[in-house]
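Below are structures written as C-alpha cells.
In the two assemblies presented below, chain A is common to both, partnered first by chain B and then by chain C.
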Partner chain A sequence: MKEIDIPIEASVDRNRTNPLARVFDELVRFCRSRSMFMLHYCTGCGAIELPPAMTSRFDMERLGIQPMVTPRQADILLITGYVSIKTLKRVILTYEQMGSPKYVIGICSCTVNGGMYWQSYATAKQLDQYLPVDLYIAGCMPRPEAVLEGMRKLMDRIRSGEADGWKDYYRRYDWYLGNQQHLFGDDWQTPADVIGEASHYDLAGPGTEGEHTRLLQQCQKPLEPQQTFFQIGGSLEVKGESHE
Partner chain B sequence: MRPENYQAISHPPSNEYELNFGPNHPGIEGNYALKVKLHGDVVVAARADGGYLHRGFEKLMEGRLWIQNIALVPRICVPDPVPMEVCYSMAVEALNDMEVPERAQWLRVLQLELSRIAAHLFTFGGHAATTGMYTTMYWGVADRDQILDLFEEWTGGRVYHIYNIPGGVRRDIPAGFLDRVSHTMDYIESRLPDYDNLFFTNQVFVDRARDTGPMNQQQALEWGVTGPNLRATGLAFDVRRDDPYLVYDQIDFDIPTEAPGDAWARTLVRRQELKQSIHIVRQVVEKLPSVSGPVRTRIPNPLAWNVPPGETYTRVESSKGELGYYVVSDGGDKPHRVHVRGPSSMHAVQVLEQLAVGARLEDVAQIMFSLDACPPEVDR
Partner chain C sequence: MSIQTLLMELVLMPLVAFVVGLFMVLMLRRIGAKLQRRVGPPVMQPLYDIVKLYGKKTQISHGWMHDIGIVMAVGGYVAAETLLPVPGMDGIADKGGLVTLVYVMMIPSLGLALGVGQCANPNGSIGIARALTAMLAYDVPFVIVVFGVAWYFGTTNLVDIIAIQQAGGVAGWGATAMPLLAIAGLFALQGMLGKQPFEIYIAPAEIATGPMVEMSGKYLGGLFVMQCFQLYTAGVLYVSLFLGGGENWLFFLLKVFAVVAIPMTVAFLFPRYKTEQMIRLMWKWPVMIGLLGLAFVMH
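And then the complex of A and B:
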C-alpha cells in the first residue's frame, strides 16, 4: 500500500523543492481561473437560463467565460439539469475527451438528487457517482445570477487549488467506472485511455485500477465502424443503444 | 481503451459519408441529434436521433396526484411552458365539469400571449444565430428577459410559473402590474422596426432562408404539421380561432399566413404573430379592470381529489403549434393515463427528416430552428 502511495506524495514534493514552482503554480491557477471556456452542451432544462447569462444582460463574458463548441478546447462541462441514461453516456465520453484540468458544474436540483424526476426510469439520479462534480448550483432552475455566482465560486476554488475533481477521477477511476458499468452494462467502454492519462499526470493511485478496470480490460473489443444507418432493407435499429 | 487495443479502421473511398449532427453541436436546438448522410455537403438522407431528454413524463404523471402534476407539466416544453399548464388544467376541469371564473380566463390569456411573445423572440433569435447574425440573438434574448421580469413579478418564477391550476389561477395580479405590461408591450413594439432592419429584411437572411426546406400545404397536412409552420404554407388554421378556448372568441386578432412554406416564410409568420400577440395583450390589459370576481373556483381537498371517471382531449395553440392533452381518469386520485400531443414531435422527427434532404449541411440547423422544434417536448 505504501509503495502505491508514493507517486502522489512525490508529485507534491517535487513541486515544493523548486522555489519557483509555487509562484509559477499560483500564476497558472490565476490564469486558468480568468479564462474559462465552457462547453456548449445543453443537457437539460437549465440550459434555458444560459442564453440570458451569456448575452448582454448578465454577460458572463466579463468574467472571462465563453462558450466553446468542442470538448478538446473546453475547460468547464456544464451539466444543465437531469441527465437521461442516453445523455450520460455522451456526457462521460465528452468529459474524457476534455483536456485536464477540467471542471464539472452540476446545475439544477436534478443533478444533485434526481430532483423532480426522482422516480423516473430514464434518468440518472446522482451525477457525482459517474463524474467528479466540482460545484453544484441548486434550484429549479437557478437564475442567471445564481449561475454567475456559481461561476465566481468556481473561479475562487480554482485559484485556491480546491477544484481538483479531475484528479479525483484519475485517482478513483475504478469506483467511477464501477458505477458506470452498473448503469450501462459490463461491456461499457470509451475510447479514452484513462489509466494511461492517470500515470501521465502522476495521479495513478490505489483506486485507479481494480476489479472494474480488469472487467473493462476483459470486455474490451476493437472499435468498429458503426452499422450503416441508412442501409435500405437493413435493420433500422441503432446498434449499441440498448438501455437496461 | 488502452492503446494496445486500438486498430486502424479502413473505409472504402467514397464521396458519401455519414455525420453525427449533435447532440453536442452549437447548431442543434437543445439536446437532440441528427444522423445525416452527405454527398459533398448536400444531405442525401437524415434520421432524427432523439431520446436524450426522455424522462418518461406520461408514466411519471400516472404516479402523482392530479395537483402535483401541475408542477411537472411545464417541464415538458422549456421555452414555452405556459400552454402546458393551461392545457392540462383545462383537461382536469373538463373531467370535473368545472367552470373557470371569467377573470381567471382573461389572466390565462394574458399569460399565454406573453409566453408566446417570449418564445417567438427566442426562436427567431436562434434562427438568426444559425445564419451568422448573432446580434439578433442577443437582442432577442435581452427582450425576452423583459417578459420574464413580468412573469417573475407576477408569479415568482422566471421560466416555470406553476400559476395555472385546475379551477383557475393561483393568485391575482399585483397592483399596477397592467401598466408595466403595457409599458413592456410598447417597448417591444418599438423594437420591431429594428428587428426588421437588422434581420427580416436583411439580404443575408432572405437569400439563405428563401427556398430552404420548403414544404407545400398538402405535405404539411399529411405530416401533421400545425401552428406557424402550417400557416407558413398558406392555410389559416389556428386553434384559437377554429376551436376557441378560454375567451379567445371575444378577442379580435388576425391569423397571418405566408404562401411559400420555406424557412423564410415560417420565420416571417412568427414575426407577424408577434405583432398580433402584442395586439391581444393590449386588449386583455384594456378589458381586465372591468372583469371582477374571484380568480379560481373552490376545488376539493387536493390531496384526496378523486376526479370522476372519463376521458377528454383538450387543445390549445402553443407557440409551436397545436398542443393537446388526452387524459383518462378511472375515478382515482391520480390520472389513469395522460398522453401529450406535442407539436414538436411531428416537426422535429418526420418533417425535419424530409426537409433536410437536399439541403446543404449548413442549412440543416436553420431548417430545425425555422421549424421551432422543442427537443424536450419531442422526447418527453
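And then the complex of A and C:
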C-alpha cells in the first residue's frame, strides 16, 4: 500500500449575504458539539469500557452524548477495537449511510496501528487509511476517563470547526477508495453515491475523482431490487419486491 | 373575539406547547437519569438536539411521501394544540370540541405510517405496524373514557367541561367524580405516549427504534418536535378532562407536569411487553375499569 500525499484544499467560503450567518453558524456548531448521537460499532475489547462511561459512574449524557441505534440518526461512529477486513466493509457501509457532519472515533490501539493484531493477515491496521478518523483514543483499553477526555476534545474541535473529517472523505474520496480497493478487490462498491453527494453539497475537490473512482465506475454493477421471500406452508413463494 | 386575537392565539398556542414540551422531554430524561443514579442532561439539551438535527448538512430523503409524512405528523399535533384550551387562551377549542380533538390526535400516527412506508426499511414497517396496532389497543379505553367524561358533564365542549369543573373546586374535578375513569385514562395515557411497558413500536434493542429507523437530519428533528407536542397534548388533555384544567398558568403547568411525570416514572421501572400482550392487557383491565366507571356515571 503506497502512501500518496494529496494537499488538502482549504474550504472555499461562499459569500454569505446574511449578516446573521456567522451567528447562526456559531449556534449550529455549538449545538453540534453539545448534542452528539453515538453509534458504537463495538468490534473489540474496547466495548467493555463504554458501559461504565455511559452509566451512573461517568454518565456521558451530561455532555449530551447519547447512544443511537441506526447510522441514519447518528453523528459519531465509535469503533472500539480491531477491524477485520470483513468488518471494515460493514464499517464503511455504515459510515456512508450516516448524515454529515459525521465524526469517526477510533478507540484502542488496534485502530491506531493494529495493536496486538499487527501480525494478523485478516485485520486492517490503520483505520484512517479507509475512513477519515477525527479522533483516536489510544490505550489498550482506554479507561472511561480517557474516553470522556477524548469526547471533550472532540467537542472542542467541533465547536472550533476543526473536526471536518467528513469533508476530507468527499474531497479525497479517490485515495480512500484506492485503499479500500486494495483490501477488498477491484469490484468493491457501496450503495452510497459518494461522488454524487460530493458534487451536490459542493464539496468535490481535485481528489474526489481519479483512477480508483474510474475503476469503480468500470466494475460497478447496478443495484437490483432485492426479492423478499416468505416461507408459507413449506412452499417458497415470492411475495413482493422491495427496492433500494 | 376579534380576528386578531384569534390569529394570535392560533400562533401562540402551538409555540407555548413546543416550549413546554421541550421541558417535558427534559423532565423525561432527568427522571430516567435520577432513577439510574446519573446526573442527566443539561437544561437546554432537548433544544440542542433539535437545532443540531436541523443543522445537518446532508438530508437523506426517501421521496415525496417521506417528506409529507413528517409534515403530517407535526401538523396533526399543531392542529391539536389549537383545540386544547389553556389558561387565558381558548383558540378554536369551543368550536372544535372533544370529538374533533380525538380525531386530530390520530393524524400524526397515520402521517408517520405514510412516511415510513416509503423508506422501505423492514424495521420501519414493523415499527409502524406495531404503532397502529398499539393505537387500536389504547383507543378503546381512551374512547370509553372520553365518552364517560362527555356524558357526565353533558357536553363535548372542552371549555365548558373545564368551566364546570372549576366552578365546583377540587370536589368538582373529573378525577373526584369519576375515579375509575381517571384510572382507565392513565392506562390509555401510558399507551398513547408509547412508554414502557407499552413501548412496543420504538423498541430500540429489538427493531432499531421502528418508525424512526431511516430518519436523519431534519426528518428526525421533526419527530423530536413531534415528541414535545405529543407529551404536551396528552398531559393537557388529561388535565382538562380530570383535573379541572388550569385556573392560572402556575397551577396549570404544575398539574400538566405532574400528570406527564406518572407515565415517565412508571416507564423506567418496566420492561417491554409483546404486541399481543399489550392488546390483551389494554382490552381487558382499562376497558373493564372504564366500563365499570361508565356504569357508575350513567347510573
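Things to note:
Keep in mind that, in the parts below, the second predicted complex is superposed on the first by the 205 of 244 C-alpha atoms of A that agree within 3 Å, B and C clash if a C-alpha of one lies under 4 Å from a C-alpha of the other, contacts with A are read in each partner's own complex, and residues count from 1 in each chain.
Just so we're on the same page, a residue touches a chain if its C-beta (ideal position, glycine included) is under 8 Å from a C-beta of that chain, and two chains touch if they have at least 3 such contacts.
Keep in mind the model is a prediction, meaning the values are calculated, not measured.
By the touch criterion defined above, A:69 lies against chain B and chain C together after alignment on the C-alpha atoms of chain A. After overlaying the two complexes on the shared chain, residue contacts for A:215 are found with neither chain B nor chain C. Contacts of A:135 after superposition: neither chain B nor chain C is touched.
Within the superposed three-chain model, A:52 lies in touch with chain B and out of touch with chain C [touch as defined at top]. Residue contacts after overlaying the shared chain place A:146 against neither chain B nor chain C.
In the superposition on chain A, A:201 makes contact with chain C only, not with chain B. Shared interface residues of chain A, touching chain B in one complex and chain C in the other, are 55-56, 69. Across the complex, chain A meets chain B through its residues 39-45, 47-49, 51-52, 55-57, 67, 69, 71, 82, 84, 86-87, 90, 94, 116-117, 119-123, 140-141, 143, 189-193, 195-196, 217, 220-226, 228-230, 238. Taken in their complex, chain B has these residues touching chain A: 1-3, 5-7, 9, 11, 18, 23-26, 30-31, 35, 37, 44-45, 47, 49, 51-56, 59-60, 63, 71-72, 75, 78-79, 122, 137-138, 141-142, 144-145, 148, 158-160, 376, 379. Those residues of chain C that touch chain A in the shared complex are 29, 33, 36-42, 44-45, 47-49, 51-52, 55-60, 120, 122, 204-205, 208-209, 212-217, 220. Those residues of chain A that touch chain C in the shared complex are 27-28, 30-32, 34-35, 55-56, 59, 61-62, 64, 69-70, 72-73, 75, 98-101, 197, 201, 242-244.
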